[in-house]
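Below: the structure, in structure tokens.
Each chain carries a letter (A, B and C) given by its place in the written order, and its residues are counted from 1.
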Amino acid sequence: MAYQFDFAPVFEHTNLLLSGAGFTLALTAVGAVLGIGLGIVGAICRAWRIRPFDSVFGVYVEIIRNTPFLVQLFFIFFGLPALGIKMTEWQAAVLAMVINLGAYSTEIIRAGIQATPRGQLEAAASLALSRFQIFRHVVLRPALAKVWPALTSQVIIVMLGSAVCSQIATEELTFAANFIQSRNFRAFETYFVTTALYFVMALLIRQLLMQIGQRYVVGRAG
Amino acid sequence: MTMTRRPFLRSLCGLVAGVAVAGVIGSTDAHADVLANVQKTGTLRVAVPQDFPPFGSVGTDLKPRGYDIDMANLIGKELGVKVELIPVTSTNRIPYLTTGKADLVISSLGKNPDREKVIDFSDAYAPFFNGVFGPEDVALSKVEELDGKTVGVTRGSVEDLELTKIASPKVTIKRFEDNNATISAYLTGQVQFVATGNVVAAAVNDMTKLRRLGAKFLIKNSPCYVGYAKGEAALGAKLNAIIAKAKQDGSLDAIAQRWLNAPLPKDL
Amino acid sequence: MFVQFSTWDIVRNLLEGGKWTLALSLIAFILGGGVGLAILFARIARNRLLQAFAKTYIEVFQGTPLLMQLFIVFFGLSLVGVDVSPWLAAALGLTLFTSAYLAEIWRGCVEAVPKGQWEASSSLALSYAQQMRHVILPQALRIAVAPTVGFSVQVVKGTAVTSIIGFAELTKTGSMLANATFQPFLVFGLVAAGYFALCYPLSLYAKSLERKFHVAR
């Protein structure tokens, strides 16, 4: 059973791998922007106890965090059509990622908001800043700055977790890998290349988010 | 920036080096005689599917059952050895074989030239009757009429290979992870048509009232083969002898009747 | 040809799968915690080489999918002539994954200990080890408890990928049953309930610890 490595049959499908990687990145980008946006809304409702949204977000967070992403994806893709909501596998994948990341970032950002001392709010109010200005400069930015590393990690977890979307025929990177190895049976070669691609993507995302954090979040939060 | 870039490069180099080392050592691996080994240990380890009825599925006790499992037991009986079933998925079935963790893969494998470079195939042991199914009120009788339509199929299955071969690029093929996802996609209206085994379609029609699977046209009968490691000529010859005998004495026909509700085709 | 499954048959088998999920989670958490601690010490050590090693370790095992890690440990080592049992491979893969994340979470906690504490303790002429043991770690530990328990929820869910090396844990059992019964909603609804039953108590525990810590502060 001497196994001869041969990467050529994998590289025949380079285009598929690259487009898969591109789709994974796109899914992650859309999921991250909308998911963190949702997380900010959720975190404010939770941290400021805005009724009834705080309890709605509380239940949402617990349900999503304590069940597997795969099941969430199945219910969106196979379950929602029963209610008359039909979507393509891409829309389902994006929605699942937004909902998933939204729950985690609600909790992460809430912790950041609650860590901002109350005195700062009072000080800001005495400076005659508008409510929106207070929110933006005194609440949100310092909170995001505190939890930016945790958010970055969570985005990478979601990126790696998006592999599951291949199960509903979303043609992202893991789909490409499984498609290729189902054709040529080169599982090792395919997975080595795929793992390397995921790794490079994780490093890229970390770098990019660190830059964004430095530039727009941490830097000005002072 | 420079501080963070260094580990990046270093880890990348590490990964590449690891792959290279694995490649070098892996290719010098010793040659083993699987058949002699099976007879010596008295155990035949067979990788079988557990999520692909009727070829391999689970009973209420979660033990594998199906055409492929019966085939594994038939081969074990002929060799006079015990059969150890290893439940596998379409993702890991070949690695089990190429790393010597399994002696055979009986997992409704179809063959193509690329696959034949990695493992060897026996003679055909099972027919695969599959077709394209869709709503009963939609007329569709040949593959050309699928243009512009969406068909769901289980990724890597025989029907995936065959449909990919015959369908024009105008057909959108959605490849799902397993039969459950493929069938669910059809039942919930996510795809217009599915390509699957006749027996699977019949069983689904029995079980659910959601949306019926009406037979549209048959994909050519594409047989399945037993997979074994490269360079095991003795094992291959023995397997082919066993399969030929089982075709003659009717035992393979009995398996086909049991799981496919159809006799074994004469030309298999 | 297709067997009929009663709801009890489905539940019974899922409970069986749940046991594997639980066992794998415990292994991941105990071994991953131990190794994670070692990586943490390397990461915050004053030795540059140790730091770089820990940093690379964390980056590699956080940056690649656990599924691929398991695949390479189980099948890859086999190719180079090292035969690994599924249990060993699962333990190894889950340990690498868990320890990388825990080390990073804990590093954040150590860094959250105010700088003044370091300065104060070094002015007392404590050695690095003494500072760690008596001043920094006890404080970091308090901060670390809640996120650590929180991460354990991710570990429980993460064990699902061990099906690639043959474990029929909760998710895999669910997919086998769904493919045998074609009742995905019932099966995966129950799978979700199973994970919820395993994870929710952990989440609650994390919350109560978090509250306790805030009060203590």
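Side notes on the structure shown:
Just so it is clear, a residue touches a chain if its C-beta (ideal position, glycine included) is under 8 Å from a C-beta of that chain, and two chains touch if they have at least 3 such contacts.
Everything numeric in this text was worked out from a predicted model, so none of it was measured.
Across the two interfaces under comparison, A-C and A-B, the one joined by more C-beta contacts turns out to be A-B.
Look at the CA centroids: the one farthest from the centroid of subunit C belongs to B. Centre-to-centre separation between subunit A and subunit B, using Cα means, comes to 34 Å. Distance between subunit A and subunit C, defined via averaged C-alpha coordinates, is recorded as 19 Å.
In subunit C, the positions touching at least two other chains are 59-60, 63, 71, 75-76, 79, 184. In subunit B, the residues touching two or more other chains are 8, 11, 15, 22, 26, 29, 91-92, 95, 98-100, 178, 184. Shared contact sites, meaning residues of subunit A that touch two or more other chains, fall at 3, 74, 78, 187-188, 192, 195, 199, 203.
Remark: subunit C residues 59-60, 62-69, 71-72, 75-76, 79, 101, 104, 108, 153-154, 157, 160, 171, 184-185, 188, 191-192, 195-196, 199-200, 203 touch subunit A in the complex.
Across the interface of their complex, subunit B is touched by residues 1-3, 5-6, 9, 13, 16, 52, 55-56, 59-60, 63, 71, 75-76, 78-81, 163-166, 168, 173, 175-184 of subunit C. On the subunit B side of its complex with subunit C, the touching residues are 6-8, 10-11, 14-15, 21-22, 25-26, 29, 50-54, 57-60, 62, 65, 86-89, 91-92, 95-96, 98-101, 178-180, 183-184, 199, 203-204, 206-208, 258-259, 261.
Subunit B meets subunit A in the complex at residues 4, 8, 11-12, 15-16, 19, 22-23, 26-32, 34, 90-92, 94-95, 98-100, 112, 114-115, 117-119, 152, 155-156, 160-161, 174-178, 181, 184-185, 188-190, 229-232. On the subunit A side of its complex with subunit C, the touching residues are 3, 62-63, 65-71, 74-75, 78-79, 149-150, 153, 156-157, 160, 163, 174, 187-188, 191-192, 194-195, 198-199, 202-203, 206.
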